[in-house]
Amino acid sequence: MSSRLQVKLGDLTLKNPIMPASGCFGFGREYVNFYNLSKLGAIVVKGTTLEERIGNPTPRIAETPSGMINSIGLQNPGVDVVIKEEIPWLSQFNIPIIVNVAGTMTEDYVEVARRISNVSEVSMIELNISCPNVKCGGITFGTDPKTAHELTKAVKEVSKVPVFVKLSPNVTDIVTMAEAVVEGGADGLSMINTLIGMRFDLKTRKPVLANKLGGLSGPAIKPIALRMIYEVYKHVSVPIIGIGGITSAEDVAEFFLAGASAVQVGTANFVDPYIMPKIIQDLERVLDEMGVNNISELTGEGWNY
Amino acid sequence: MSSRLQVKLGDLTLKNPIMPASGCFGFGREYVNFYNLSKLGAIVVKGTTLEERIGNPTPRIAETPSGMINSIGLQNPGVDVVIKEEIPWLSQFNIPIIVNVAGTMTEDYVEVARRISNVSEVSMIELNISCPNVKCGGITFGTDPKTAHELTKAVKEVSKVPVFVKLSPNVTDIVTMAEAVVEGGADGLSMINTLIGMRFDLKTRKPVLANKLGGLSGPAIKPIALRMIYEVYKHVSVPIIGIGGITSAEDVAEFFLAGASAVQVGTANFVDPYIMPKIIQDLERVLDEMGVNNISELTGEGWNY
Amino acid sequence: MEQYLMRVKENKEITDKIYKITLKLKEINRSLAQGRQNKLFSPRPGQFLYIRVSDVTEPLLRRPISIYDYDPDTTQITLVYRVQGEGTKRLSQFKVDDDLDVIGPLGNGFPYDQIATNAHIVLIGGGIGIPPLYYLAKELVERGIKVTTLLGFQSKKDSFLINEFLSLGEVRVSSMDGSIGIRGTVLDLITDRDKWDTFYTCGPMTMMKAIQEKWLNTAIDGYISLEERMGCGIGACYGCVVKVDKKIDKRGYKKVCFDGPVFYFREVIL
Amino acid sequence: MEQYLMRVKENKEITDKIYKITLKLKEINRSLAQGRQNKLFSPRPGQFLYIRVSDVTEPLLRRPISIYDYDPDTTQITLVYRVQGEGTKRLSQFKVDDDLDVIGPLGNGFPYDQIATNAHIVLIGGGIGIPPLYYLAKELVERGIKVTTLLGFQSKKDSFLINEFLSLGEVRVSSMDGSIGIRGTVLDLITDRDKWDTFYTCGPMTMMKAIQEKWLNTAIDGYISLEERMGCGIGACYGCVVKVDKKIDKRGYKKVCFDGPVFYFREVIL
């Protein structure tokens, strides 16, 4: 890949801005059947918790117009297994490894961050403070600026690697949330996590998901993600990873215009397993059409008019 | 129409639960070219302000996956013209007339409500506290429970007809908003208004909408609307009018299961001008399939399992 | 205005990315128009159809396409469109004998009833704005009115419909790269000797702005056909407004879908 | 597992709402699989294809459909599916010579390599769970293994594939209303004299639950093919898990798309 796609997230350089969204790519093992993961700008693994999580009952997935809702419930093997089995395997691809860290209390977030950031192959922590799918011990990290601020601070104190905080869109004021975690020391933001949604089954008259509520992802949420990134971009000076309904190189360009410095592709992997290498390939054409040399020139350009 | 579709919104009886969403049906004049409006359960007119509004610059509309964003900006001829020209014309259809009332300050909301509720043909006021498309004089009626509460109270004091408050989904805690306006005296809730979204044009690199931000509507927002209605239903005892991405009789049933007692159809009118009479026709079949006598039996049923 | 099902009779690429689709009126959407008269389908030049290109919710909105030609005897209607994005791409994929869901005819159309038979009319079209002028030209010529057409293209490979207009009168052609006609814009096709009574124009905004400016303080009359992003397409949503001179309309705006798409050229603020 | 384009050879309704579609391997998705070997396409009975039914974002997700038959000589693969909702409706609208984007073959498939040639196998299918058993039956019979098939339907008008199974061995049929075969469920087709070594079943959850219960404490072995709502279809999203006996898998769950859809019948908690 030519360096036109090279981007920087703080001190971390990515050869291209395309990486999977956490939870939509497992630990990468399945997609190796389709292509070599070293093509990607980085890899982001499934939300990792201190202990193993078995997740929510099924059905965990339902479709919505141009989107889907999920209530996986953070099923994952726990941080120690991730460190022992997944990270070493992933390191063969020579791309930055970003670990999405989840939890229910400050203590377990901090402990996961401590353990994972000590692994030399890990380049970055993405702090998942949104968790719409699991009971968060009554603490609303994702929607309360003060607790989000404190959590970020606590994790930053122990982390040896940069910490990006992944924001929940289910808030009145995304700018205040962003400012709170940046003040807490966040090195960057990942935006956005899923919106809370639900569906009903007319036959059973029950919510389709066993967990009732789920996280809405996919193209349907793209305009909301763009708006939130656009608003936050003007108020923070840390880089933003754009997420939400991306399915094409054109979408990536839109996220850059809104203020993103890199992007994650989630649900679209389910529709087309080759979507990320396809986007990487198409980006060159889109940059040509837009008359842009390096993609990072586009970051926040949507504000300049 | 058989009485199977009859529903009640407080003291107001509708022969069926289908009505247009404010702003998506003008004052009904255009749709008369297609069918007789007397088929509808009620009519809801465009957001009406004290003075005439000319709205936002164009482009005012952009498409998004399974949705659209708009920034009309409450263009309307002002309450006095509505009273003089639109209400008398609409009264020929012998269906309840609901006037969507908008404003920028408590005073003009109250004044519009006073004038409009004195018109004998008007059955209900729908208080639009969300206005994402117009600058709201710095007052965030739609996202702050306290101001929403006070506005509702002030309007209730002058209104001769029931007041439904139309909630904005752009909040962290929809239940608190709902409770606040119900405590303020709201006779019911309309849920939901549009989510705030945006799109960028890759050629110009600018936001597509001249107003930059717009309100996201259409099928894309349906799972969010269902979730909010479901959550609010358990906490309030007033009726809820469900809104958000409805395109079929099946969708209507889902909204009832979530907690709606009637529904509004917005964006879908643009796709199929006959959508409302079609839904009314199809509802009988859906009720048969679900083994339900009267549609109102379904309200909130999604909670019972 | 009504919702119709139309049967695709032909849908083919006539030049790079430009398609011609012929539709035959199949039936009025009757299921719900029960008991109402079968409205006469009689489109006027300058009106458009509002077309549903997908039977799912993506892309959601209909697409407005102007009427290129209409044959009342066969009730066949022809449109010419350019594949621009997802919506027109899907339109190009409709095959012969598929049915298309359209609302129309919509809009006001070009006013030409008052044109004297000895008048000399100029039609000025740029790129994909050209097609609606053809149906108008045909109607004018049928009334014995003399028509000159100015057509502007990017280049030869983008040119289309030239022969069709040639059969109706004088045609002048320009292209940006000079590969067909003179090099330049349609404005460069206008000479001092031209004496036209009325113009009709449709094309890129810059072109129409330039025309408006050029003739604003002259005696010529003229009409401009505008485009705007649409929601309802029928006047209900206020999505597609255009600014108009407040001296002409006190509200200061009109709807492209309903009051337009054709406007008196002195009326609109471009 | 790979992403393929497949050419539709036939797609027709064989009984009320049940369609049979035949696909011919056209090409591996090569644009991005460049430089990699063209993987051998060799589906096993019990595996499924994950099919994209729309080229826009609605409906968004692929649809899983089991393999009904496969002919390695022609690389033709046949599926039998019921039109259930929007996705399968769209699948039914694909025409001959259209291309279908599929991922597959996915899942583990029915294990049958260890079955002795003198074994007697019973296949138990209910409704739309029947198709995958056919490809299995063919493979078993080819190895000289004796197969009895029990098929359950709602009623005669919903019945299908009976003749196909008849050509492979004994078939017993039941229907809920007695309009074909005996009145009752497939369980009513089992008699005390039946001595089967292994069963394979696919059908409604209630049916499979009843079978599991009936034979749990007997000597018979058997396999159950499950359905669950899927996201990725390949094991990455944890969307499609099923509870399994913790004595067998310490995590207490397995993925239907990857570890299944076929499970040892004592292993899963239904």
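Note that the chains are named A, B, C and D in the order they appear, and that numbering of residues resets to 1 at the start of each chain.
Heads up, the rule we're going with is that a residue touches a chain if its C-beta (ideal position, glycine included) is under 8 Å from a C-beta of that chain, and two chains touch if they have at least 3 such contacts.
Every value quoted in this text rests on a predicted model; they were computed, and no experiment measured them.
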Fewest touching-chain hops separating subunit B from subunit D: 1
Chains touching both subunit A and subunit B: C, D
Maximum centroid distance from subunit A, chain identifier (CA atoms): C
Whole-Å gap between the CA centroids of subunit A and subunit C: 46
Centre distance in Å when subunit C and subunit D are each reduced to the mean of their C-alpha atoms: 53
Intercentroid distance (Cα basis), subunit D paired with subunit A, Å: 35
Multi-chain contact sites of subunit B, meaning residues that touch two or more partners: 65-67, 218-219
Shared interface positions of subunit D, touching two or more other chains: 57-59
Graph class of chain-chain contacts, one of line, ring, star, complete, other: complete
Subunit B residues touching subunit C - in the complex, by the definition given at the top: 23-26, 29-31, 33-35, 46, 52, 54-55, 58-63, 65-68, 70, 72, 75, 77, 218-219, 247, 267, 269-274, 277-278, 281
Touch list for subunit C against partner subunit D, complex: 54, 56-59, 86
Interfacial residue positions of subunit C with respect to subunit A in the complex: 57-58
Subunit B to subunit A touching residues, read off their complex: 64-67, 69, 143, 170-173, 195-200, 202-207, 212-214, 216, 218-224, 226-227, 230, 245, 250, 253-254, 257-258, 286, 289-290, 298, 301-302, 304-305
Contacting residues of subunit D [partner subunit A, same complex]: 1-3, 29, 31-33, 52, 57-62, 103, 228-242, 251-253, 258
